[in-house]
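See below for the structure under consideration.
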Amino acid sequence: FLFEKVNLKPEVKGFFSSPYELPMVDMVFSIGGDGTFLQAVTFVRDTGIPVVGINSGRLGFLADISRHELPAALYEIEKGLFEVKKLTLLELTSPKKLIGDFNFALNELAVHKQDSSSMITIHVYLNDQFLNSYWADGLIVSTPTGSTAYSLSVGGPIMHPASQSIIITPIAPHNLTVRPLVIPDDMELTLKVEGRGGKFLASLDSRSVVVDQSTELKIKKADFTINIVERTNQSFYSTLRNKLMWGADKRN
Amino acid sequence: FLFEKVNLKPEVKGFFSSPYELPMVDMVFSIGGDGTFLQAVTFVRDTGIPVVGINSGRLGFLADISRHELPAALYEIEKGLFEVKKLTLLELTSPKKLIGDFNFALNELAVHKQDSSSMITIHVYLNDQFLNSYWADGLIVSTPTGSTAYSLSVGGPIMHPASQSIIITPIAPHNLTVRPLVIPDDMELTLKVEGRGGKFLASLDSRSVVVDQSTELKIKKADFTINIVERTNQSFYSTLRNKLMWGADKRN
Amino acid sequence: FLFEKVNLKPEVKGFFSSPYELPMVDMVFSIGGDGTFLQAVTFVRDTGIPVVGINSGRLGFLADISRHELPAALYEIEKGLFEVKKLTLLELTSPKKLIGDFNFALNELAVHKQDSSSMITIHVYLNDQFLNSYWADGLIVSTPTGSTAYSLSVGGPIMHPASQSIIITPIAPHNLTVRPLVIPDDMELTLKVEGRGGKFLASLDSRSVVVDQSTELKIKKADFTINIVERTNQSFYSTLRNKLMWGADKRN
Amino acid sequence: FLFEKVNLKPEVKGFFSSPYELPMVDMVFSIGGDGTFLQAVTFVRDTGIPVVGINSGRLGFLADISRHELPAALYEIEKGLFEVKKLTLLELTSPKKLIGDFNFALNELAVHKQDSSSMITIHVYLNDQFLNSYWADGLIVSTPTGSTAYSLSVGGPIMHPASQSIIITPIAPHNLTVRPLVIPDDMELTLKVEGRGGKFLASLDSRSVVVDQSTELKIKKADFTINIVERTNQSFYSTLRNKLMWGADKRN
């Protein structure tokens, strides 16, 4: 199993396999990468239990405490030397049970053509007002947290964690003037997909299913947040610089 | 002269040449393009007088009423069939008198190397916390209104008018992992520029000056807004689709 | 059926359903869009028969003669007022029978992750020398002809028809410093794909199959060309300007 | 002084200050960065003398031998364990004396607006045939060698050293569908610039001048090459991976 969850010492409750066992713990440790953290979120859900992201390998945006910093981090956490940051999630409000029973995403909801043969058209509505029909391989609806993940790989901007916004980023759009769009996070999005095959892929973070194109997707900001533990000496800015190697330019 | 300002009929006050004559009018008409609208802003300033953007040629994002729609628009405006949208401005709080006596921008503040020979380094601080040192031809700090202007040409995202955000977009950054960054518009930015020549260009919208690199720039959201008249049948989305030709894709 | 092939009047041979019936004709007309032209190529193959691209709807890069120009074009063709341009194809030399019995592409060979859940790694070798391991949604190997198709949608450059080059363009690459790479078209490429699911999608133009990741793909320039009929008053430059609306900028 | 040129030991000729003293030496060492190498090129010119690029700090694409590798490199060079790669230059054929007396560029010729206030229009002709009018901050005409320099920062592709091509890359183009264009390197380019100020900046590598817009620029591939010494264990691919940190991805 790729990730483990333990509550804070001295009382280690051990390993859990269901979200319903979690409510008694004070804190959840996700040990792995950002992918593991996303899985941990499907356990923690709306309990409000703070999550500590430990990376077992490469530095993550979510798993931003390295293994060798763990003792120091544990000490600091015990002393209360940390902040809890609230991370916005997206909720797939309809259909609620499309992708398992956890209809939320910390990074992004994405729709994608099912095979490589032909593009899909994604009609997007904001608060029921028509925005645009994207002809593309797919479309990403991302939180600020997700702005450094998939959306970034297809040209989306980086979002400050405090920017109360959602990004709509097309994947390989056919129209060359289509660009990522940033909208306030209190808007509701509706996606209607059309394509030759009649089916498309929908995903919440890394969980995905094949969906019939008759299915409309409705998305809004979730009513709860994921609470991530941030050490006081760490900041979004330093993580950006380190993860994206902004200081490590090797061209002259 | 490229633009004219008249108040609403039946009492046309005529043409103005100074911002101090404006306060008695009910409405200002900017006739030209988006560039003319930006000039009109330097007259209207913090008076709160609504501005109507008439384009004499190509559709603008600000000048979004075409000349032939003018009669209908005037009629609607007289009947009160319009909304007033508040557009955020950036204020150059220090040095206040750097670029004329109007230290505000509706689109963007930009810094740029002065000649083509070598890049500049722009150290950026958010609320006095170090963000990053950009090594680039320049840097754009843009409002949502400006997101469809210069920032878009260098890869910035489009911002919904209601997204309370500012975009930081580097121009020709040397580091390939540096990307546009969206931050909440209640943050204060500080820019410190360094370069071989010792000088750089700074601009507020289309007004620019040469600045010595010892000069730090401080920027925040202005305390007032520009109020733009929007016809009820028009929307940001339709202007986007029309101006950026999202519907006019000619590749198959 | 979406496309038709007729030889030049007065002797119209009619409609064909197999490539083996074609060799007797002087010229093939593809009527449809660029997609239809790509299908026509699978009939024409290495016969050297010139192809005329008629577009029944929107202007294409390949189907660049509009329906209403057809009479004039026919007249010109009868008078010999045209040039035959040779278009390079890519050959999938191994495995030859991966995607039907026509192992060639006029636009591009692409590999793509099979579902939306996780990226694939594509190890690329040029003349058996290691180039790079791309961690991405997929990778496009494109001809100059294909440079205005899929490759362009993911950020690839436009290639002049006479540039004897191949473009390697990653799709949604995770590493932000990875960029499209242009190589001479006399190099042989080898692609080895790795991913969690063990399978990936491979496509030649619009024909695609699911492939096991144990399958290495070898690609080189084909020994024959597709000969496209170009009217003398038409040029790649004017098609570029028209198709990509370079002259139709609507931002001010 | 930032760079030095010495011929191969045992006979070190010392430091030179004029290109006319160079022809007696066997090899030129450029010690510094890629910028130093570009300066060395203005000394070496069409003498055909091989240049060794030693980087005194960060790895360069041209200065790709690090200081601590110098002894090994010298030994290998003495033993003849190296290859000489021929690098294409661009020649400004008219006006020849625009930028000093060396009308050649190893990386790129660029035109740029002179100040930050308004864009310029660059009309481009290929072999006297009209290509396009770019409305932009500027335009870069780059060799394959220059493809990893300025052109890359504004979205140009990377070119294989053996691709006999030239790249035309606009800087901050206003039209969103304009993309980098790769053309065969045997084409002649003509640039005509228009702008509000009547002047523009033109540069050959890092040397630049202000030019009146009545001046047309004509560019073609130079008749000679710069010969760079490449150690046998080094390749363009490994330099790409190292310089651009393709292997050093830190996002998960």
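So that you can tell them apart, the chains are marked A, B, C and D in the order they are listed, and the count of residues begins at 1 in each.
In this text, contacts are C-beta pairs under 8 Å (C-beta built on N, C-alpha and C of every residue); 3 or more make two chains touch, one makes a residue touch a chain.
Note that this is a predicted model, so its numbers are computed, not measured.
J.: So which chain is farthest from chain B, going by the mean of the CA atoms in each chain?
T.: Greatest centre separation from chain B goes to chain C.
J.: Distance-wise, how many Å sit between the C-alpha centres of chain C and chain D, to the nearest whole number?
T.: Their C-alpha centroids are separated by 32 Å.
J.: Report, in whole Å, the distance between the mean C-alpha point of chain B and the mean C-alpha point of chain C.
T.: So the centre of chain B lies 42 Å away from the centre of chain C.
J.: Roughly how far is chain B from chain D, centre to centre by C-alpha average, rounded to an integer in Å?
T.: Computed from C-alpha means, the inter-chain centre distance equals 36 Å.
J.: Would you please write down the residue numbers of chain B that are in contact with two or more other chains?
T.: Within chain B, residues 152, 155, 174, 176-177, 179, 244-245, 251 contact more than one other chain.
J.: By the document's touch definition, which label belongs to this structure's chain graph: line, ring, star, complete, or other?
T.: Shape = complete; every chain linked to every other.
J.: Please name which positions on chain D make contact with chain C in the complex.
T.: 126, 129-133, 135, 147, 152, 155-160, 162-165, 167, 174-184, 187, 235, 237, 240-241, 244-247, 249, 251
J.: Which residues of chain C touch chain B in the complex?
T.: Touching chain B: residues 33-35, 55, 57-61, 63, 148-149, 152, 176-177, 179, 242-245, 248, 250-252 of chain C.
J.: Across the complex, what residues on chain B touch chain D?
T.: My answer: residues 110, 112, 114-118, 136-138, 150, 152-155, 171-174, 176, 201-203, 206-208, 244.
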